[in-house]
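Shared between the two complexes below is chain A, which pairs with chain B and chain C, respectively.
Moving on to the complex of A and B:
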């Protein structure tokens, strides 16, 4: 997530409670992060669209990615 | 069409033809045994392809010539069922399954198959000879795969005009073509943008040593970056790009060193010798006097265009060029042009990648310019961010070690 933010010239806040909208982490950034995870795993991910609506903070993103990696 | 046997006077029959390092002429090329007609002649070298073409020109046979690798078993069967005897590189002949009367003088081309299986397009030597005005004496490089439209363009020029020599480049010689071209005094060369990019990438100094008076690009979208790079290496050479295909023939020829063509060329009054260009939706539509058999009238080219000021840019194939990122549309060709405008990029391919939330994202493969030091994906993302809307910025960029190139000299950008 930090790499995505850095590539956009922004910094990832230290707090997991940081609101994604406030730090400007948009759907394009989330999609990029997902592709980075795919590249890391070497496999296409199957995203659960309803679950995405619950992702509002930095911590939610990290949890979600962790779930994907362990799935 | 006429059933009369052609006895075309081959004005270029004594032009020099260099094959595998040997200096011959059209007339002294190895003679092929009497070919059946109709015949699909499958070759594994450029000299035999030229010999098959000359045989066709002299005897007026019905001919399809292609490299052996482009015609798979299924297509050979289809050709046999359509009345073609199949002639293999070793001279062996599989008779046609369908017996029919030949179409005298018919030359068949296979499309590149970029939108599916290759199609057969009918032409004649006359319809393929689009350069009819007297030309200055030149020696042409022939790097194209035998049987493609671009190959026919160069070889018919050499066969029908005086003082138009040929230097044939076999696939195994592609990496060293500037050396061969310099050795044999090549003054004119036609190739895809990928072909020219590779030449610059491999050894720009060797390329600069070729005494080129004419450079032609075609077969793929031509971007400003490659035109500028060639202009820098060849300040006084005429640099042209051509839009041509088996279906519509050579339809757009641009000599002003700029990508795209003037918008004023659209919808001009019909002229017997000049194609009529128009745009329907985003698609380039052409009515061409050089069209293939049966393709009369407006042909939808399947190529996508965008306007850039007073220019019309051909950005890529309709079915792959437009990338829909969460409802916002961006042209892969436009993104590619931006990437290739970066001095550290030698080649780029841009494509859509499936992604959550937005459906598709823009991704890219890039070959960096080795002479300018390392670049990172962050460098390129920042470069693109100042030149493209955010949804058009390629977020995932993979670096490749070399420029991919197919037998057709294209790289499927």
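Moving on to the complex of A and C:
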């Protein structure tokens, strides 16, 4: 997540509770993150949009990626 | 030599795909109440469709058929013809939805959406048309599409493509069938039930505020339009009628 934000000239906040809207992390940024993880795993992480809509904080992003990897 | 203008008579036996719930079930119910013979199939027969079968034993033929199983669909059509008489109208309603960004939708799921929402309805339409034409019938086709065919919405890329494909097919069918069979499409806006499943109350309220008529689309809004296309003499042909309260304009 830090890499995605750094590539856009922004920094990842230290707190898991940081609000994604406040730090400007949008759904397409989440897609970029998921695709980078896919590249590392060598496997696709497909998912529906409702799960994405529930993501509100940095912690939610990390939890969701973790869930996708373990699914 | 010019031919005398011909009128396509009101539908008498209507086949509705995906007729076991939601808008499909509402269309079946509405047509039966209007005295029309109806055949309906869906992957799963619901208690609501079964109840209609008990209420209208001589007017409704129904069964469990997956629209992607063309052999089963064709056998169902022949069974309908034996029981209710020749089919002279088809409502292509069966479809599956989508709620996933394109880059995160698997290739298999994309293929499934296209198969169910575009390829299978075209195959069913082809078969029903062949039966109609071989019997010398005039008839009507109504394709249930979506506002997604005309406006962009995230999470609905493949779904929108299939609905746009059906809108385009509707126009070409109207041309190809030379007025002997009227082909039209009805494109509802988002149904309140669909929207409430994925959006919060605040977002729903915002959408309603932006809709000039002040409410989201309900199946009851669509029924008179479908009924008109099946039963009335309007000279409408090759058209896509949007039912969304002007939310999209």
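One rule holds in what follows: the second predicted complex is superposed on the first by the 71 of 71 C-alpha atoms of A that agree within 3 Å, B and C clash if a C-alpha of one lies under 4 Å from a C-alpha of the other, contacts with A are read in each partner's own complex, and residues count from 1 in each chain.
Definition applied: a contact is a pair of C-beta atoms (placed from the backbone, for glycine too) under 8 Å apart; a residue touches a chain by one contact, two chains touch by 3 or more.
Note that the coordinates shown come from a computational prediction; the quantities given were computed from them, not determined experimentally.
Residue contacts after overlaying the shared chain place A:44 against chain B and chain C alike. In the superposition on chain A, A:36 makes contact with chain B only, while chain C stays out of contact range. Look at A:56: by the touch rule set out above, it reaches neither chain B nor chain C.
Touched residues of chain A, counted separately for chain B and chain C, are more numerous for B. Contacts of A:27 after superposition on the shared chain: both chain B and chain C are touched. Using the contact criterion defined above for the overlaid structures, shared-chain residue A:9 touches chain B, although it does not reach chain C.
When the two complexes are laid over each other on chain A, chain A has residues 27, 31, 34-35, 44-45, 47, 49, 52 in contact with both chain B and chain C.
Those residues of chain C lying in contact with chain A across their complex are 99-101, 103-106, 109, 154-155, 198.
Listed in rising order, the residues of chain A touching chain C in the complex are 27, 31, 34-35, 44-50, 52-53. Within the complex formed with chain A, the chain B residues making contact are 325-326, 353-358, 361, 363, 377-378, 381-382, 385, 390-391, 395-396.
Interface of chain A with chain B (complex): residues 6-9, 27-28, 30-32, 34-36, 39, 44-45, 47, 49, 52.
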